[in-house]
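We call the chains A, B, C and D, going by the order they appear; numbering starts again at 1 in every chain.
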Amino acid sequence: MIGKTTWVIPDGFLPTTSSGDQVSHEAVCVLNLGDEDAVIQLTFYFEDQAPIADFESVCGAQRTHHIRLDKLKSKTGAPVPHGVPYAIKVDSNVPIVVQHSRLDTSQEALALFTTMGYSV
Amino acid sequence: MIGKTTWVIPDGFLPTTSSGDQVSHEAVCVLNLGDEDAVIQLTFYFEDQAPIADFESVCGAQRTHHIRLDKLKSKTGAPVPHGVPYAIKVDSNVPIVVQHSRLDTSQEALALFTTMGYSV
Amino acid sequence: MIGKTTWVIPDGFLPTTSSGDQVSHEAVCVLNLGDEDAVIQLTFYFEDQAPIADFESVCGAQRTHHIRLDKLKSKTGAPVPHGVPYAIKVDSNVPIVVQHSRLDTSQEALALFTTMGYSV
Amino acid sequence: MIGKTTWVIPDGFLPTTSSGDQVSHEAVCVLNLGDEDAVIQLTFYFEDQAPIADFESVCGAQRTHHIRLDKLKSKTGAPVPHGVPYAIKVDSNVPIVVQHSRLDTSQEALALFTTMGYSV
């Protein structure tokens, strides 16, 4: 099976502002090449507070899911905090592949970056 | 032989708009360091529909091919869909190295991102 | 334990100018998933001078730290030089994961790039 | 010793135009953590012509070298071609770490991308 069950992304940040037609955001992009749906736990780590672990998402079998972090809600309905540095750990019940991207429109025009997650 | 025969890229997206002189696009950039042409199958995975597997391309021996996904056609002549998130699996009959890049000119100026594909 | 104790980043550069509201900068983004604080040594390599090794930072247990290289000071109070190419080696007493990002606002709008560090 | 002696980068391209104060360019960013100078051979692969292998550069021991591909000359004085897709193989006599970056100012503002090279 292609993929891993744990991935980490040290550089997370949701810009607080946007310009133009597109909202600044990040996405945890998951590919599930298996035959079973992936149930995905996202844990967010911060510089000055304890980790928050109650975010969950699903990626269907043979599907991709570009999990928009600006839209994700915790089990208690809380959003991912904007404007503070964080890091992400992604845990799945089945092997997945994880890539992380940011779209930043906080100044005119837009900027993009991406990297594969780090897996063990 | 340098390379692998299977590569995946979770974050695929073709912007629907462009500005300036350059068309928004993605490219699957292949390097084939071997002595045999690489016949490459591209499978696209979506969030809400079954994968589409009938895309094929070739990269000659000792050649690179920057496969423009905005120009690629399936065996039935269909384009890669624009404006929807997808993921890509790249399968080759011989080892290759795969990098994936996006040029986005959907707002003024341009944005670029790139990453090596993930290989098993 | 997820991570490694040594990471390298060949492409470091602090732009000398900025525009708009955001200062051009780089960050070495660390995630420490362990139960012990990470004490981190940063060594900077140059094209035409000997390496400088007296930069140190800390990333708490179960915390991230996005180390702003434009704000980092050596033990003698020296900043990381701007406007010259450098490379970075990151050494930690405990396993960490390292990603490196640059925000460049030297021309109008902004540009971003990122990559996971290279680990052995 | 940290590093590898062979690295590949499938997505190479030198834009033909620039805007603002900065010239569009790519750099092969090398870090040599060893005690011996690295003599580096660069081979360029194309879509429609044979590879060109007569480019050489040096990265000193305990030094970085951000090899500017827009300034690099072959042993016969030829530049790296602009405006055509290429791929790069980097071979060194000693282990090095290779990252590849592009600065594109072909439209207003600037865009950046980067990735670690792929090593075997």
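In this section, contacts are C-beta pairs under 8 Å (C-beta built on N, C-alpha and C of every residue); 3 or more make two chains touch, one makes a residue touch a chain.
Quantities reported herein were computed from a predicted structural model and do not represent experimental measurements.
Colleague: How would the chain C/chain D interface be labelled, same or different, where same requires over half of its residue numbers to be shared?
Modeller: different
Colleague: Measuring between mean CA coordinates, which chain is farthest from chain C?
Modeller: B
Colleague: Measuring from the mean C-alpha position of chain B to the mean C-alpha position of chain C, what distance in angstrom results?
Modeller: Using C-alpha averages as centres, the distance is 31 Å.
Colleague: With chain centres taken as the means of their Cα atoms, state the distance from chain C to chain D in Å.
Modeller: That pair's centroid distance is 22 Å.
Colleague: Could you give the separation in Å between the centres of chain B and chain D, each centre being the mean of its C-alpha atoms?
Modeller: 22
Colleague: Taking each residue of chain B in turn, which ones touch at least two of the other chains?
Modeller: Touching at least two other chains: 108-116.
Colleague: Help me check something: in the complex, which residues belonging to chain D touch chain C?
Modeller: 2, 20-22, 27, 29-31, 33, 60, 62-66, 97-99, 101, 103, 105, 108-116
Colleague: Within their complex, state which residues of chain A touch chain C.
Modeller: 6, 8-13, 45-48, 50-51, 85-87, 89, 102, 104, 106-116, 118, 120
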